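One structure is given below, encoded as structure tokens.
Labels run A, B, C, D, E and F following the written order; every chain starts at residue 1.
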Amino acid sequence: MRFDEAYSGNVFIGMNSDFNESKVVLYGMPMDWTVSYRPGSRFGPARIREVSIGLEEYSPYLDRELADVKYFDAGDIPLPFGNPQKSLDIIEDFVGKLMAEDKFPLGMGGEHLVSWPVMKAVAAKYKDLAIIHMDAHTDLREHYEGEPLSHSTPIRKIAEKIGPENVYSFGIRSGMKEEFEWAKNAGMHISKFEVLEPLKEILPKLAGRPVYVTIDIDVLDPAHAPGTGTVDAGGITSKELLASIHEIARSQVNVVGADLVEVAPIYDHSEQTANTASKLIREMMLGFVK
Amino acid sequence: MRFDEAYSGNVFIGMNSDFNESKVVLYGMPMDWTVSYRPGSRFGPARIREVSIGLEEYSPYLDRELADVKYFDAGDIPLPFGNPQKSLDIIEDFVGKLMAEDKFPLGMGGEHLVSWPVMKAVAAKYKDLAIIHMDAHTDLREHYEGEPLSHSTPIRKIAEKIGPENVYSFGIRSGMKEEFEWAKNAGMHISKFEVLEPLKEILPKLAGRPVYVTIDIDVLDPAHAPGTGTVDAGGITSKELLASIHEIARSQVNVVGADLVEVAPIYDHSEQTANTASKLIREMMLGFVK
Amino acid sequence: MRFDEAYSGNVFIGMNSDFNESKVVLYGMPMDWTVSYRPGSRFGPARIREVSIGLEEYSPYLDRELADVKYFDAGDIPLPFGNPQKSLDIIEDFVGKLMAEDKFPLGMGGEHLVSWPVMKAVAAKYKDLAIIHMDAHTDLREHYEGEPLSHSTPIRKIAEKIGPENVYSFGIRSGMKEEFEWAKNAGMHISKFEVLEPLKEILPKLAGRPVYVTIDIDVLDPAHAPGTGTVDAGGITSKELLASIHEIARSQVNVVGADLVEVAPIYDHSEQTANTASKLIREMMLGFVK
Amino acid sequence: MRFDEAYSGNVFIGMNSDFNESKVVLYGMPMDWTVSYRPGSRFGPARIREVSIGLEEYSPYLDRELADVKYFDAGDIPLPFGNPQKSLDIIEDFVGKLMAEDKFPLGMGGEHLVSWPVMKAVAAKYKDLAIIHMDAHTDLREHYEGEPLSHSTPIRKIAEKIGPENVYSFGIRSGMKEEFEWAKNAGMHISKFEVLEPLKEILPKLAGRPVYVTIDIDVLDPAHAPGTGTVDAGGITSKELLASIHEIARSQVNVVGADLVEVAPIYDHSEQTANTASKLIREMMLGFVK
Amino acid sequence: MRFDEAYSGNVFIGMNSDFNESKVVLYGMPMDWTVSYRPGSRFGPARIREVSIGLEEYSPYLDRELADVKYFDAGDIPLPFGNPQKSLDIIEDFVGKLMAEDKFPLGMGGEHLVSWPVMKAVAAKYKDLAIIHMDAHTDLREHYEGEPLSHSTPIRKIAEKIGPENVYSFGIRSGMKEEFEWAKNAGMHISKFEVLEPLKEILPKLAGRPVYVTIDIDVLDPAHAPGTGTVDAGGITSKELLASIHEIARSQVNVVGADLVEVAPIYDHSEQTANTASKLIREMMLGFVK
Amino acid sequence: MRFDEAYSGNVFIGMNSDFNESKVVLYGMPMDWTVSYRPGSRFGPARIREVSIGLEEYSPYLDRELADVKYFDAGDIPLPFGNPQKSLDIIEDFVGKLMAEDKFPLGMGGEHLVSWPVMKAVAAKYKDLAIIHMDAHTDLREHYEGEPLSHSTPIRKIAEKIGPENVYSFGIRSGMKEEFEWAKNAGMHISKFEVLEPLKEILPKLAGRPVYVTIDIDVLDPAHAPGTGTVDAGGITSKELLASIHEIARSQVNVVGADLVEVAPIYDHSEQTANTASKLIREMMLGFVK
């Protein structure tokens, strides 16, 4: 260590490349102000970075090291507390610039609503974009108790933007009856309860297409991700989620961006969820970015 | 909200029908005074209700909504601290009245001993009653260190009441050698370690019979239910327990009452177990009550 | 218990009078969406009620029992997640109605911003209103990073509404330099660090006036209130805060409403803060309402 | 270490003298089955022993070392779960034997009801016994919701046994109106809120008399003892409680036995309360036993 | 209880045979000073013993009771804080003596480095020794940031001692690329990700050989063992680990010693991991010792 | 934000000046490998920085803002796990360089042993150095169970280096009898139990002298600092510690360096201790550096 060098320790796994040389830009979206149940995911990105020091740089699943992928950790995007619309605008602008610079956006939430402006910005660049969405919840509400900007709405919004037939949800085990019916009528694809098996069926159909992958950590069973706002029993294991990421990595789809959202350290008493999220981020980076 | 209306917020999922119109009566049995290891399940029912606000009213497993089942949440039965016999008498009297009114009793514990007076009251009405018991522990002791009223005894008591051959235990992975031997000699049915597969075999044999379902949350692996008094490794997942409930729901048995016991919020740091219990209660209600 | 009577257990200390006969209306304001640091106070009112069952109904400080004060627990006001303006409008409307009915409003937060519409509604009725404000923080910002609706602004807003000279803050130990300067220039009264001693000096000057008392639980030292969003070392003890409430109770001021805000159960691992808040609510009720 | 020697590590501060040579016998009373609010104190004694390894053997307050006092740690008395009467009988018998052997009984609870049989056994030996009782609660109920054996009753029982005029309570800040009135009418001494100052006044009056000291850890403020069943704001500090013990140590009373009850590790997330209890036990031993 | 008998309650499941009559010696190695991430496993053995009181003495998996295996719990070996080399020397000496007395050493960690001196001492007696190693991590580093004594090195050390071809690792899902390459080149056996299936293949090849089994609790998924220093997603379940132990128990290998390491109570908020470890110790004892 | 700028968010209160322009250098010493009781302080500095975002930049105590003091946050010094000697050498070298550059070293521990090399390096520059030491423990052992490098020894070491008569300890309430006797015989100054009052007496005697201030967070009562390795009841409040820092700030001593050690986030469930430490660091910076 040069002892007069500015500290930049709290970046993912303590590494950071130069922005210009980096393919991947990692960033946090510390927003949780529209959640209906338990808030706290605003601290998710910082905690994921903090615990990432316990992680190896090598993936024995993919036989690839972080040294093989240049990434830049841009830190957390400053967002105005309690103002959803302005927050979303700032995120959309940020990701729009990344798109212009041809970066791979890798986002960390924050509540799931943050994925909406990201997907919008990515869809603006990739006209044939498909969405792979892993989640316990449909997130297909038009509004939540009257509020159109809610953590229950992002998938509905992107579905209406790019066409419901381009959206593929996996692992869904919770939602209103109306949401499931809307999806069915609109031609959106919902794979209930399971992720890996339906993914194996669907990935070949998406071969060659640009795909954005958005993962709500609560697709995991509460046993595997207690540190999130809305836990829901009957989910998949972290082993299955890792296998699903690897399945995408080995497929013919062209992943052009991804995020992992809803890690809430407050409920994560042994930092189990943050550690798992940290590993998922590493695998997404090593698997999705060629 | 009519602002001058009495608050009744802390009922299951914030809904409550009129007693007379309701088929199901939901009630708590906040007793934990005979447990031999870690107490605290007295607060289980209240916490299950509290977290239930995070739950959807629709089950994508059963394609049924809570609006389809009228239920009345009677709150917690007041029980005298430290007096097991009087507590059990009060519970038996309460459930006896529900039986007289032809209600479906859906109880929340509390320690497992509370199921004993409930099952006794239900057995008084249904002469051909069978018990489906899911648990990590046999609960077949005659007494625990001399005490005949102990959380280790309820299944023994009901087995002696209705005949051991009418009792079916599933998922059992802990007990004294003597308990397993008693069960074997008495003709009681114990499926060790697993729930779903043996249930599929046994349910057809019970077709048409009145069945009471008693679930100790510790049938789940500690990963899925840390918030209970006596965790025991090697259990089933919440996905398997949900599937088991759905298997019963789709079978030909006539479920006439049910309970879920041993949720202890004190050990449930992210409210994971209470949230899971809340979902299980919803699925039992939607699946067991036609 | 009449076993067919609707459950209304989760009201303060398990008691509830009829709305019309009650002098006091107790209500929760479950909002935390503008906080800049740690959210979670939305669950404060529910937890305060839940733990209140451990509390006696008699105050040996005031030699008075809850039976002497009729109160109605109206539950939590439903507020739209993530929409501060609409939330504040709903609160103002609610309290306005209480004012019209001549009730004593006793509110539980939620973040401190909820006190702003309450104080506005109370000030609309009592023209000579003074505010007694106990807090670690000035809460005198005009806006927070551009947002005029922030948990850092409520005292500024009410000061501008009723005149800064009518606002008395106590226990303040944190704020921006600009906030302290604004207060000084505007003629607002700030007692730094201490509560009880300055209160003894100021109360005689307010004799006979209508006073609204707003208490941010973080006026307590973190040792006494870990369960809040923004803990700040160097605060007062719960003994001192109780004595301060009793000092007001024995003074000649006419308390016309009060609140206790910022209890956040998420950070309150032994429910210490919620239990303390519950006792404070009891003492405020018994001490402020004649 | 002789590697073939039986492990007896979990005794207080890792030391243990021979029973016959010891003046003090330390023992746990792991009972919590009559508590009305939060159970868990059954694990108190074991946890106090476990954390005692972090404690020095020397008291800079009393300038005395544990080596100066021979004590025998008898472990926890086995008690039958859920059977209060039998538990109390066992404790009374145990302490009766200690009395016969002329030992100084130093007990660790467990709920406060365990002090009742201890005090009864001590009173049987010392006819002129006085009780010094430090607690947040009066514990003067005749029964609790009909149950005469309740953690709310032990001081009433001993007061009726040895005469209310011989019982001195300190630090009391919670109770029913009826309890305070009973004490007043019966001639019992209650010092409300404070401990040290009233103790200084009363100790001279007790000079030369045999005294039993019973301390409920909740006499401490919740900030100083979060790990207990019924926390109650407005209590004293651990510094004041230490000073009170030292005041007794330096007085002319003849302490003939003592206990510290109601430590509940479940609520004691950083083991703060258990560590404090461990230090209190050391000071009681070094201060009370000449 | 003889009330004047020295307390020796904190031994495994409260039982203890005489050293000379015992086949198994159970001991703790409370060392965690070389860990690179989260320390705290020094308290593992004590907590495993403490929670073992909640465990039955009978295994329904193996149909065998603890009464069938005589064991002596030697407590924790006193180790000098912060001095790795001296600590390892003490452990090696301790186990060497057990070997001389023909005991079965059953150790509890502590960090994984403690297994190195144990395995060395066992290898000194059994010339044809093979190692079965279950872990999330390779532990094959030569040194960690320059330190040759590190929790990342024990398997490398024993592999170099007894020959890499005699070491079989299972469940490995984390390590540096160099470690995996070293293993491959050296002829060491690594089964990635899974334990039970590869074990079934390998056990027949080890028939008749002396085998030492070393289990790092983090081979379990974080859902099943949150209470450890370095959690790593994608692990096996406690059910699979139990089945693996039973597979070894039923095989033809001659288990001559075993350990379970890295339980860290600090991160184990509901004592889930300690309870699981306690059951694993019971099954290892009943399954490995004939 | 320039979106392509490297993230350096995790510095104290999010600010960082250039090294050369800074008077103060803030640095972490993440070492905890010699502690005898509960480890975990290695994560202290990182957590103090993390929570510092909740802190204002202005001190109403000192009427001074962080903008008035230029500081550089150098991050955590990388230290070799489990190697105390090498760790101390690295720290001494680091601080030696700061001395050469005429910086004010402001350190964050880590265990208290880290203060030893810092004080040694500072003493090498300031020949007339005095030490102000606030702590619950004497830290005057020559060695701990044979180990000369232990968290129980740093004050003994510096006392022997600069002369015991130049060392002033405050708030001490724990230690071995031998330690107190050594101090007395050696002419070292120990103020037992209290900090502020004895400080007021001693500070005038130190007027004009260079002083290093070392604060062990456990000088605070456990109520005020649960998040530390060795909590000890009977300590001072955070209010008193703040006043003590301010007393030094207003005195005539020349503070030339300072540290705050032993914050252990693992035991700090609501981040209370880290938040308090963060405020103490701010006040030390604003008060000690002119």
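Before moving on, here are some points about what is shown:
Simple rule for what comes next: contacts are C-beta pairs under 8 Å (C-beta built on N, C-alpha and C of every residue); 3 or more make two chains touch, one makes a residue touch a chain.
A quick note: this is a predicted structure, and the numbers were derived from the prediction, not measured.
Shared contact partners of chain C and chain D, listed by label: B, F. Common neighbours of chain A and chain D under the contact rule above are B, C, E, F.
The pair D-F is the one among B-D, E-F or D-F whose contacts match those of C-D for more than half of the residue pairs. Where chain E touches chain F, the two copies mostly use the same residue numbers: shared numbers make up over half of all numbers in play. With centres set at the average Cα position, the gap from chain A to chain F is 41 Å.
Distance between chain A and chain B, defined via averaged C-alpha coordinates, is recorded as 37 Å.
In chain F, the residues touching two or more other chains are 36, 38, 78, 221, 223-224, 267, 269. Touching chain pairs in this entry, ordered by label, are A-B, A-C, A-E, A-F, B-C, B-D, B-E, C-D, C-F, D-E, D-F, E-F. Against chain E, in their complex, chain A makes its touches with residues 53-58, 60-61, 63, 65, 221, 223-224, 237-239, 242, 269-272, 275-276, 279-280.
Of all residues in chain B, those touching chain D in their complex are 32-36, 38-40, 42-43, 78, 80-84, 144-147, 149-150, 266-267. Residue ranges on chain E touching chain D, taken from their complex, read 1, 3-11, 16, 19-20, 46, 50, 72-78, 94, 97-98. Contact residues on chain A toward chain B in their complex (touch as defined above): 36-38, 172-177, 180, 192-193, 221-224, 226-227, 230-235, 267-269.
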